[in-house]
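Quick one: structure below, then a few questions.
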Amino acid sequence: MLIGRVTGTLVASQKDVSLEGFKLLILRQLDVEGRETGAHVVAADAVGAGVGDVVLWASGSSARQTEMTRDRPCDAVVMAIVDSWEIEGAQKYRKTPAGGPWAS
Amino acid sequence: MLIGRVTGTLVASQKDVSLEGFKLLILRQLDVEGRETGAHVVAADAVGAGVGDVVLWASGSSARQTEMTRDRPCDAVVMAIVDSWEIEGAQKYRKTPAGGPWAS
Amino acid sequence: MLIGRVTGTLVASQKDVSLEGFKLLILRQLDVEGRETGAHVVAADAVGAGVGDVVLWASGSSARQTEMTRDRPCDAVVMAIVDSWEIEGAQKYRKTPAGGPWAS
Amino acid sequence: MLIGRVTGTLVASQKDVSLEGFKLLILRQLDVEGRETGAHVVAADAVGAGVGDVVLWASGSSARQTEMTRDRPCDAVVMAIVDSWEIEGAQKYRKTPAGGPWAS
Amino acid sequence: MLIGRVTGTLVASQKDVSLEGFKLLILRQLDVEGRETGAHVVAADAVGAGVGDVVLWASGSSARQTEMTRDRPCDAVVMAIVDSWEIEGAQKYRKTPAGGPWAS
């Protein structure tokens, strides 16, 4: 899985029937220091994420293993909102109640 | 999923029987600002897209989850035509009725 | 799917039983202008392609969806020989009867 | 499969139900000399690995083939803790009882 | 599929039960001229390959289609030992009885 930040949303009304009801999020990939890498992806939302949230997303066939995405032509899914992570014992990110700034 | 613009079509008459009836589109990948990245792919069309359309496409086994592509040797499918997207609250793309210019 | 040109063949006699009967082709990837990108892959042949042919190939689990490759440890398959393609209305490639030069 | 070193952990409380009970590890990829390549990934833990362990991880649908990850939206899994490896007859890594320094 | 040379072996005793009995090989990727590209991968052995052998390996879900790897968390498998290949009519590699030097 990779870490991303939700930066936008995408709307598509003319689509395969299997895609009805999808909310499509645009993610920017983050590295483990919380910096944007420049890469992006469009992912289906399985957890009610919104712009600004730091999330975990899965790709490939694994993206079809949530209740919302099963048997759909979806190759990327947001399946968790990240609370925090740490590297070598140091906290690198902690979610704030208002989706606020990075932890120091 | 990734965003692309349909730039061409490809014809192949000598092919595996499972490919009969496919319309094959050539896509150029777009970044979230709507710029071409230089990458391209050949994808099966599941939504009636045409040259000039900005589309959403899926890859891998997920490309076989549309009605048209099920159980076929297809690893990329156009499964939606994009209406619009926005990043950090700013609209980056909006489809015009004639498939016209980018929104400002 | 991606476009490639068949440049060679590979022989392997000591192999998993599920690979019996495979013809293995070496492909060089082409971009949409018909130029070699430098990347290559070894793919199973599902359509009777030969050296010099410009072909379409699929990767991943989709490579197992032809009659020849079903349930085999094959992650790349040539499933079509390309007749022609065009970009923005201009023909970029057209197959000649003798597998000859590129169309102008 | 690729070799990685566990460098951290990630917590996510708001997630798809299929992810309950997962322990999420942050890995840094190692090359065959044991050097970090700069790439990282978030993987589910199937073997009780901890920070500092050198592990083997699988990606894609193969990541769902452990007891812990079956049918879950998981595209990366740690499925073994590495004891040692050698290249051209020379030992490049050997696990020490305390998870200590690299073998010379 | 891609071509690689077996350069080493890896041992892991603490692993998911589904991995019992695997022999893990370290491969260096070769290009079609027989040169190392610098990339490597750890693959399960399905054909009795040893250090020095030039092999063909498959990745992703296709790596689970051999007798040895079915339903296991394995995303790379060596499923053939290469005898020879040729590019544009010129032999680029031929296996020697002792696993010896490259063909001229």
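Points worth noting:
Labels A, B, C, D and E are assigned to the chains in the order they are written; within every chain, residues are numbered from 1.
Quick note on the criterion: contacts are C-beta pairs under 8 Å (C-beta built on N, C-alpha and C of every residue); 3 or more make two chains touch, one makes a residue touch a chain.
Quick caveat: nothing in here was measured; it's all calculated off a predicted structure.
Looking at chain B and chain E, the chains in contact with each of them are C.
In whole angstrom, the spacing between the mean C-alpha positions of chain D and chain E is 21. In this assembly, the C-alpha centroid of chain C lies 35 Å from the C-alpha centroid of chain D. Across the assembly, chain B contributes residues 60-61, 63-64 that each touch 2 or more other chains.
Judged by the touch criterion defined above, the protein chains form a single closed ring in which each chain touches exactly two others. The chains touch one another to form a ring, and the order obtained by going from chain A toward chain B and onward is A, B, C, E, D.
Remark: chain E residues 7-19, 24, 26, 28, 40-44, 51, 60-61, 63-64, 71-76 touch chain D in the complex.
Residues 1-3, 31-32, 46-48, 56, 58-69, 77, 79-89, 92 of chain D touch chain E in their complex.
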